[in-house]
Amino acid sequence: MDSVGSIILYTIVSLTIVIFSVLAVTTRKILRAATYLLFTLFATAVVYFMLDYQFLGAVQIAVYAGGILVLFVFAILLTSHPGHSSEPLTSKRRALGLIASVLMLGVTGYSLLARCNFFNAAPEAANPDMQQIGTAILSTGDNGYLLPFEAISVLLLACIIGGIVVARKR
Amino acid sequence: MGITLPLLILAIPLFMFLLLGIAGVKMSHKLAGWLGCLGMGTTLVLAYTVALTYYFCPEFTAETGERIQTIVFNQTWLAFTQNLVISLGFLLDPISALMLIVITTISFLVHLYSLGYMEGEKGFQRYYAFLSLFSFSMLGLVVATNIFQMYIFWELVGASSYLLIGFYYTKHSAVAASKKAFIVTRFADLGFLIGILVLSYYSQTFDFLKLTTDSQWVLASTQGATFMGASVLTWALVLIFTGGMGKSAMMPLHIWLPDAMEGPTPVSALIHAATMVVAGVFLVARMFPVYLLEESATMIVAVVGAVTAFYAAMVACTQIDIKRVLAFSTISQIAFMMVSLGVASNGNGDVCHHGLGYMASMFHMFTHAMFKALLFLGAGALIHAVHSNDYTAMGGLSRYMPVTRWTFLIGCLAIAGIPPFSGFFSKDEILSAAYAWSPFMGVWMTIVAAMTAFYMFRLYFLIFRWDEPDYGHHTPHDPPLPMMIPLVFLAAVSCVAGFIPFGHFVTWNRMPYDIHLDPWIACSSVAVAICAICLAAYMYRTKNPLPEKMKNAMPVLWDWCHHRFYWDELYMFITHKIIFNGVCRPLAWFDRHIIDGTMDSFAAVTNKLSRVIAPLQSGQVQMYVFVYIIGALLLGGITVLCLI
Amino acid sequence: MELKAIYFLIPSLIMFCCGLFGFITRRNMIAMLISLELMLNAVDMNFVIFNRFLFPGQLEGMFFTLFAIAIAAAETALAIAIIINVFRASHNIDVRTLNEMKF
Amino acid sequence: MFENILIYFVVIPLVMLGLLALCRDIKQIRAVAVVGSLGLIALSVVTLVQYLGMRAAGVEDPMLFVDSWTWFAPLNIHLAVGVDGISIAMLLLSSIIVFAGSFASWTIKEPKAFFLWLILLSVGVFGFFISIDMFTMFMFYEVALIPMYLLIGVWGSGNKNYSAMKLTLMLMGGSAFLMMGLIGIYYHSAPEGGQLTWNLLEIVKNASIPHGWQSFLFPMTFVGFGVLGAMFPFHTWSPDGHASAPTAVSMLHAGVLMKLGGYGCFRVAIYTMPQAAHELSWIFLILTGISVVYGAFCACVKTDLKYINAYSSVSHCGLVLFAILMLNETAMTGAIMQMLSHGLMTALFFALIGMIYGRTHTREITQMGGMMQIMPYLSVCYVIAGMASLGLPGLSGFVAEMTIFVGSFQAGMTDYLAGHGSLRLVFTIIACCSIVITAVYILRVVGKLLFGPVHDEHHRTLTDATWWERLSTVTLIICVAAIGCFPNFFNNLINFTFKPAIFSVLGMN
């Protein structure tokens, strides 16, 4: 039995996710879309906190909300005039999008609700502490993630170089 | 007899053809002409040697007096199967020896004559090369040992005739005429070829000697097979005769011969009067023992001949181009020979009247070659003098060209059948044979003979009539010596050739035989001929309104005769309207639009389809995502619904 | 009432669908990228949810999400660099008109 | 490997290719082409002499100089070579036409690339004729086809892209059928449990293709090769292709490549599947019989010289397939003779058309006339080619056609009298009619193009043949005349080894 507080929190968070997701893809002003995305990302971070993954929630806020969103905003400001609205969607395109997304929703939702047994409550589990996480990242044994960590490092390096190369003025 | 002489008879003209054909361009006209004459002269001497040896050397006569058919040499040329072998060889027998004489004589005279006639013409060397080629082919044809050899040379004479008719190749009419001649004879040769195929299938041989010696077995070999009501042998013989009809210009395949007069006149004399056109007669004569087996085949030969003879004589009465008249007279005379062969058999595998018809046919072939060559060469001299083929451009020529006139007259008398000229004797034999076969045929042929006399003298009187057109300062004159010699020589031959005891040399069974003139037939035909000549003299010698009146009295008949009974128009209609426009064009259209269209439409459909499919690969990621998602969801949905 | 896995999965699904909708319909490349981030985020969320509800003692899902976030960051950075570059070249970031490199 | 003489038929062109790649100017290229093709002629003559020598010594094998080198063991693919009289005749023909073709393309643009492709094509041709392994045969077949596309597409004239594409695609379509057929034959090439083989001699020896399969594989292979042999209704690549191709390519294609079709039909389809050939021949007899007259009729109305000749090729090549299907020794001998004859005379035709076109820049007979006055040499050659085509005795066409007609008629009559229907007989007679139609269209062209008054006064300034053109045409004319004058030599050459093969076909009747 969860506390009433967490249920209220859940309600707020899920509503935020749903509403701002929808808004993010339907608004015609691109800067607003980025802002709505920000809210969604924040709500996601809250979900992580609710599920006892504080580190992940922190990463989500720092990297996504803090880093990526800033990039978006810069890019948007660089490439479009403020206040400029994109042209309205053609009905054909909207129909395509709707077909795909509604079908997705239908098929996945149906299989989630009708065919899968996900109606159990969250089992008790300890919040993984930072030490545990750090050891796991840098260990090479079972449940060790050194290799992906290094791979990600190299990837990030490549991205940095790539970003510089691509964006540099000729 | 050694093989050297016979081989040389064939080899010299061939060599001359190659020499003049390849190196002729570099030669002067004189050199080429004299080389040609020299070559032909040598051949003439050799051929006479061979022929006379054959006739008079006892070596070639059996105990019974029968002349022996001798194969001098026979070289395998192409072996289809064990039995069906084409050989090139040299068969010496009475008719081939006769033809050797005829061909080489006329050919040599024409070579000589052309020195004058063709003087200064462009392509003089080419002309002599073609003449040599023709002589070679014709000699090869008559000495053929098997029917396929004959077919080979048959085609070769056709080709050389094509080349010579089209000698003046810059003239449209000459080109058209040569084409027509080749194609019409080609069509006939198709029949000949199929006939050979049918005959050889049953007899399993091409060889003349095998076919004609005791030929009863040929009939047996067909085992009584019939096709569409006629026996297979009849079919074969009729088809082979079709080939002969084409070459010998029998109705309805005669249309090429009048047009062939577009060629130089000496060529007409050589090819289209004396030698090539009698090849059909020669073919039937060569196969005569086989023809004896089938009454219906000989019947067809006789009937075709009789109809053609009459038809050609009628047309000849109305032509104004002197060479055309001679051409139709040739057709008519060859038809005489055909009739004569046709009436030589009574259809029981036996001959009637001692094979008189056969002998008469060959005799007429010989005499006709001489007097018709004479007439053509005479006509050539006239044309040479007045530069026109049209009798209206002539007149009063006897004053300027006495030699030509007298020799032409001899020719006319000979063809009209007035004794003692050669034509009388041979034609009389033919009439006898015809009467013996059926009185109706006799009367019919006598009428044709009368018509012959009429149109020939019509021609004669029109050419040498009193009133003369204005020749200007360029008065006609007798031809130069090279042209004169052949005229005089042939006239002399036409005077005396009738007295040759022909039955001693050429008969159907090669047994010597004495000719008897039937006085009644002789008298009646001569009387009829003289009447016809008188009529012609009355109508044409001086200005006389009778011809006009007759023309106006029977306009339709005259019109049809004048237009040769519209045969050419009929053929034009069939070939151009029906075959060309009705078959070829639709087929070509069909090919381009239906067949090719189908192939193209395969390509077009593929192309269209690719254009339909290609936009799916638009490069728009969003589209890809959409398609991918839909596909994945469908798969996933199905999985969910069915499996889980 | 207990918060069950499905309660978290449904918003995540809706977020994903929104992302999908946006990706298919938007023309602006940055908007497409935003939609992409939405989808990615939904997926991340799912990993975490499954990890938490099905395998609470382990950390695979969490780590996956962690790396995914890192990769998303890298990818976004690169994509934006490209977009800006494209914009510099053609003053336009509408995907419909950016087909010069297609052929 | 190199002690077998046949391998040099492939080696010489390959060496030529290498040398051509090193050539720097047109003179060297010409030298390589001429020397190489002369070498090929010499090689085929040497092969011929050795072959005749061995036959005279009484060697009775169906093929001589047989040799085989493993190429890809798992599928039992070998480079297997061997020749009999037919192959030697074809090799001789090919080398002569390559020789004449080299001279005909004396002044071609971009000679190096042109000759490279041309020689590559001849690698395929020679390889095909010496192979007795179906796989290598097919490979060489493809090698011969592909360069065609480039040769027409690059050096052609007129609507060349379309023609090149059409020709290549249609022939490739044929190859697809062919490949199915060949693979099918391979999988039935040995009795139960035996080693499968591509080798024709072994397949014939095993004779293990089941009857049901034969009736499927025979049409496959026959149509596959028949497309190249311009069989109705798969002939339409031929007019367009030939019309667009450059001279030497037309010569090689009509002269040699179309023979690949006839040769393949005999060597693969009929040789290995006699029962099916006997039963199904009627279908193809009808098709090829139609080809014969249909091509001739179409040629009667065309006004483009190359189209006329292409349709005439359809007619003549139809006769080849027609005769092969008669399954009669004489007719089949005639078919091979017709291949030789048609190869030479059509090459001559195309060479002459190319030369005339090179001068007048038109191939429309309505726009030309009186060529005899302007270029007598070429015109005379054209007349000779025409006469050969319409079957004048003394030239090659006559002997080939007559052999075919005599053979077919024998076969047809035998069938008819035995109560097997009159199809063969009727179609033989229809085919005979082609000699008249051929005469019509040949004389029409000769009359319009060569005779008559000069149509276009500008043409008066044109020159007659150059020495290399004379050489090219004279070579071909001599060969045409040689076959026409001494047919029995070729007849015996073909016939000698033909007999056992034919007997095996007829033996099952």
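Chains: A, B, C and D, in written order; residue numbering restarts at 1 for each.
In this section, a residue touches a chain if its C-beta (ideal position, glycine included) is under 8 Å from a C-beta of that chain, and two chains touch if they have at least 3 such contacts.
Since the model is a prediction, treat every value here as computed from it, not as a measurement.
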item	value
Two chains sharing the most contacts, counting C-beta pairs only	A-C
Rounded Å distance between chain A and chain C, as computed from the means of their C-alpha atoms	6
Separation of mean Cα positions, chain D and chain B [Å, integer]	37
Computed distance of Cα centres, chain D from chain A, in Å	72
Centroid distance [mean C-alpha coordinates] between chain D and chain C, Å	66
Residues of chain C whose C-beta touches two or more other chains	20, 24-25
Sequence positions of chain A contacting 2 or more other chains	96-97, 100, 104, 108
Junction residues of chain D, two or more chains touched	none
Interchain contacts, given as pairs of chains that touch	A-B, A-C, B-C, B-D
Chain A-touching residues of chain C, taken from the complex the two chains share	1-22, 24-28, 30-31, 33-35, 37-38, 41, 44-45, 48-49, 52-53, 56-60, 62-63, 65-67, 69-78, 80-85, 87, 93
Chain A partner contacts - residues on chain B that touch it in the complex	625-626, 629-630, 633, 636-637, 640, 644
Chain C partner contacts - residues on chain A that touch it in the complex	1-2, 6-7, 10, 13-14, 17-18, 21-22, 24-26, 30, 33-34, 37, 40-41, 44, 47-48, 50-53, 55-56, 59-60, 63-64, 67-68, 71-72, 74-76, 78-80, 86-87, 89, 93-94, 96-98, 100-102, 104-105, 108-109, 112-113, 118-125, 128, 132-133, 136-137, 143, 145, 148-149, 152, 155-156, 158-160, 162-163, 166-167
Of chain B, residues touching chain D in the complex	25, 76-81, 84, 86, 148, 152-153, 155-156, 159, 162, 166, 169-172, 175-176, 178-179, 182-183, 186-187, 189-190, 193-194, 197-198, 200-201, 225, 580, 583-585, 587-588, 591, 595-596, 598-600, 603
Interface residues, chain D side, partner chain B - complex	165-166, 169-170, 232-233, 235-237, 240, 294, 297-298, 300-302, 329-330, 370, 372-373, 376, 387, 390-394, 398-399, 402-403, 405-407, 409-410, 413, 417, 429, 432-433, 435-436, 439-440, 443-444, 447, 450-453, 487-488, 491
